[in-house]
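Presented sequentially are two complexes of chain A, the first with chain B as partner and the second with chain C.
Coming up: the complex of A and B.
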């Protein structure tokens, strides 16, 4: 292998060295080097959590945690992907549960094992205050748990690092659903509109539109008043 | 680049004062589309030579896939050994597929008689990546009729009317279902915070910050898991099965990790395989997930399903043009619906920021390649500015970080602060406007085969509006799931002897038409290995 030049960098994938062009994401760099992913690549835009990646820099003791599709590869990165987290989730019936302050603790009692070490927060590639939402869940503050965890993409790195074996991202998903169903206010006009549609208030108007010629529709479209 | 940004900053106060440029007239729209939209380049498309929609014009890349050889010789498949025998098979573990599974179950099919098969993980899909919002006409100022007009005009009046009617009528009910699932929609004082999208005449875009896709899909997936619906991951379908009567009868899957095939027999089959972004039509980068390779079109076409509107491709106006590491990733339309305006190299606003997507994209291409007012990066990519700092100027400091958190994070990871500096953007391949033709309940032209989500054709005509893909997958995933369950309960859905004769016949049609190709399909996954690796590759374990 040649020495890295101005336009290339050297990365180490599971210990093996590769020379790749500068300016690629970790995912693109690995593909450039010859990988063809089945695991470890999903949306490729930072929303699905398939490409959780752990790395450290040459000469540094510290492990860092990123998404391979969102992070530029740098010279001297020692990389490994962790695209699957064997974390159990608890099944529940949202419509039937009692959404009181104990609901998260009842379903995920291991959150009580939290030792406030903040390792989960340090592992989060989304920069979520993970430990803070676990503490909120322990206090029974569902709204806070839901709000702090909103950006979670369920990559699982928090649960892989946790010394207490908490299943943060599954618990937080439940918190967001409980909040959304029971604590977020209902917009009244939604229900009114559904009743109107069921009663057929708009049926005649839409039926008429469905039967219109292109020319007739063009006229109506051109006359639209944009709010 | 700092000098170029200074020109944007210099005109910003006056532009904030004046407001955005006016919208184009219909004639102006037609002109910019005809001259600059990639869909209007006749040489980039061709007629299909074989199959039930022979004569339809499709992009060359799609024609190549539809007119390719089978991935596997049917003679190698033993159909006498059935591995899974279910009532409803759902192909695709994204939005439409998961919604279909839940509603098939609600319609009375036990969870264990439903099976979702998916190419990658349950949830590796475009649905989870959507950012800006979902349309539904629920405000008193709005109505299903107004939504209908917006959709038809945006789609150039070529949408299937009864599908648009189904979508606008079901919209509010879908939002209520999401509320029951616990989706956290953005609200203020108990009201939805509804915004415009490109081509809307009323504010009807419901959002969950700029994580709308994830915030809707994840509770849906969570619900499917609560219901215990079985899922087979890393198992793309390589061919549909018919029975000897020509009814849809299941599928053959291929395990990406072990290489084994599986035979699935099903009374009803729902196709929910998504779109084709990873085929990189006309070499565009794409916003799409890794598995968006048109597999559903390929297998359905061989089984005799008709296609519709496959000549039309959606290029999202604003993909990332810089930094190159994330080239083509999505810069949500919500940035424009919250006030950001596209700006050229001279610091001028040159287009109304919320034209329908095809018009907006064409105007940006014109600015870069005809008027020569684009900004060129060190790697030779051209783009225009999206003046994101306007958002906080209009709505107050903190708006971007609070309500466009995903966008802020994406650029911040590369050292760009969009609250302070504009972002460089250019159109990117985003959506398959057409697909497998459906009727209002998701029926295709093959008995027992239903479709929903991006793979279907007819809802969006020649151009989809923002927020109608999330709505569309919910509406037609639900309708397809219910229709599949009803079909599976009928006596006439009983499967006779399984057959792959249609695939054998398809190979014969290729030969008869004199089509010579080295390609095989479905593609399953794109191959991004470098040329230097491929030149020396001996294959895995030889």
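Coming up: the complex of A and C.
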């Protein structure tokens, strides 16, 4: 193999060196090197959490954690993919829960093992304050757990690193569900709209959309109201 | 009060919310409102006794760093267990520069802990900084004649180096009770352990210990027992409910947080009180009645 040139970098995938063009994402770089993803790739847009990647820079002791589809490959990266996290998920019936401050602790009692090492936060490719949401859960603050964990894409990296074997993302998903079911404020016009949709009051709007040009569609998309 | 950050701890946000509500109201009434520490984490619950296990000191030290970050000089707690864990951890980590360095190196995402944040229990702050005299001056409904047993348990007093009073002959709660015009009822088991976390694995043992504490206080004539620990509260109330029939008969014992007693005497928000306490208070004139 030639020495990396101005336009190429050297990466290591599971120990083997590959020379790839500069400027690719880790995922593209690995594919360029001949790897085919049968697991560990989904949306390719940073939303699904399938492409969890652990790497280390040559000469650095520290492991780093990113999404392969979102991160540019750099020279001297030692890479490994973690397409799956064997984390147990508790089953429950949302409508039958008692949504009091102990509900998370009862279903995921291991959160009480947290030693506040913050390793989970350091592992999160979404820059979420993971320890803070575990701590919020521990003191029964469901709303805070739901809000701090909102951007979680369930990649599982936090849970692979936690010395207390906490299953952060399943617990946080439960918090968001409990919050949504029991605590979030009800928006009246949404309720009204659901009734309308059930009655089929959308056919005309859809017909109008279908007939629009791309330019018109872009215009109304840009002008939409986001709550 | 100095520049003090209030550390609630997890129990006060859940099971022991009455403790927090009454304490907040009392401190507000004294013109020294509690200011909650930002982004606090669990104290670590139960101080780790292994002296090479620095991992279990992280939780406490991280809270000391949070206090340092917001410019506080001291942390005040209400829960005796949090007090014990935070203070012992602070002493342990500050004793040895190498320990502090290791912990700081591990928490490289945080500013270094420089040492020197003091850890106090609210009772100490009231005694040493606010002064029991100013509390007495704020009492609007004197608890005259109310017989109150001070229950200390372990974590406020032991080990001696961190305790808020003499471990064998503590006085702080008795003095506090007198400040509210009530009568302290001394009893043999006031600094005896309630059984703590063993309630999970060996509830019989905990009930036995708590039973000894309750019956000793009741035999000494107490109508009320005050505690400063949510876990003691849990065990004592559980024992009171489960073993009621075997406790000294005819007398009811109301178990409340010490801050609730002060809240009654200040006539501010007390949080929920046991029904037996409401009954006891019926005989005590309020400030309105006293004026008349």
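Here is the rule we use: the second predicted complex is superposed on the first by the 188 of 227 C-alpha atoms of A that agree within 3 Å, B and C clash if a C-alpha of one lies under 4 Å from a C-alpha of the other, contacts with A are read in each partner's own complex, and residues count from 1 in each chain.
Definition applied: a contact is a pair of C-beta atoms (placed from the backbone, for glycine too) under 8 Å apart; a residue touches a chain by one contact, two chains touch by 3 or more.
Predicted model only: the values in this text are computed from it and were never measured.
Novice: In the superposed arrangement, does A:163 touch chain B (first), chain C (second), both or neither?
Specialist: The second partner, chain C, only.
Novice: Can A:35 be said to touch chain B (first), chain C (second), both, or neither?
Specialist: In the superposed model, A:35 contacts chain B only, not chain C.
Novice: So, does A:56 touch the first partner chain B, the second partner chain C, both, or neither?
Specialist: In the superposed model, A:56 contacts neither chain B nor chain C.
Novice: Counting only touches as set out at the top, which of chain B and chain C does A:102 meet: first, second, both, neither?
Specialist: A:102 sits against chain C, while chain B stays out of touch.
Novice: After superposition on the shared chain, which partner residues are touched by A:131: those of chain B (first), chain C (second), both, or neither?
Specialist: In the superposition, A:131 touches chain C alone.
Novice: Could you tell me if A:118 is touching chain B, chain C, both of them or neither one (first, second, both, neither)?
Specialist: Touch partner of A:118: chain C, not chain B.
Novice: For A:141, decide between first (touching chain B), second (touching chain C), both and neither.
Specialist: In the superposed model, A:141 contacts chain C only, not chain B.
Novice: Of the two partners chain B and chain C, which one touches more residues belonging to chain A?
Specialist: After superposition, B is the partner touching more of chain A.
Novice: By the touch definition at the top of the document, which applies to A:210: first (chain B), second (chain C), both, or neither?
Specialist: A:210: touches chain B, not chain C.
Novice: Chain A residues touched by both chain B and chain C?
Specialist: Common to the two interfaces on chain A: nothing.
Novice: Per the contact definition, I'd like the list of chain B residues that touch chain A in the complex.
Specialist: 23, 26, 120-121, 123-126, 128-129, 137-141, 143-146, 148-150, 152-153, 157, 161-162, 164-165, 168-169, 172-173, 175-176, 179-185, 187, 190-192, 196, 200-203, 209, 211, 213-215, 218-219, 222-223, 225-226, 228, 234, 256-257, 287, 289-290, 323-326, 329-330, 379, 405-406, 409-410, 413-414, 525, 527-530, 533, 537
Novice: Which chain C residues qualify as touching chain A in the complex?
Specialist: My answer: residues 10, 13-14, 39, 41-42, 44, 55-56, 58-59, 62, 106-107, 109-110.
Novice: Provide the residue numbers of chain A that touch chain B in the complex, in ascending order.
Specialist: It is residues 23-25, 28, 31-39, 41-48, 50, 70-72, 89, 91-95, 126-127, 146, 150-151, 153-154, 173-174, 176-182, 184-191, 193-194, 197, 202, 205-207, 209-211, 214, 217-218, 220-222, 224-227 of chain A that touch chain B.
Novice: Over in the complex, which chain A residues touch chain C? Could you list them?
Specialist: Touching chain C from chain A are residues 101-102, 114-118, 121-122, 131-132, 135, 138-141, 163.
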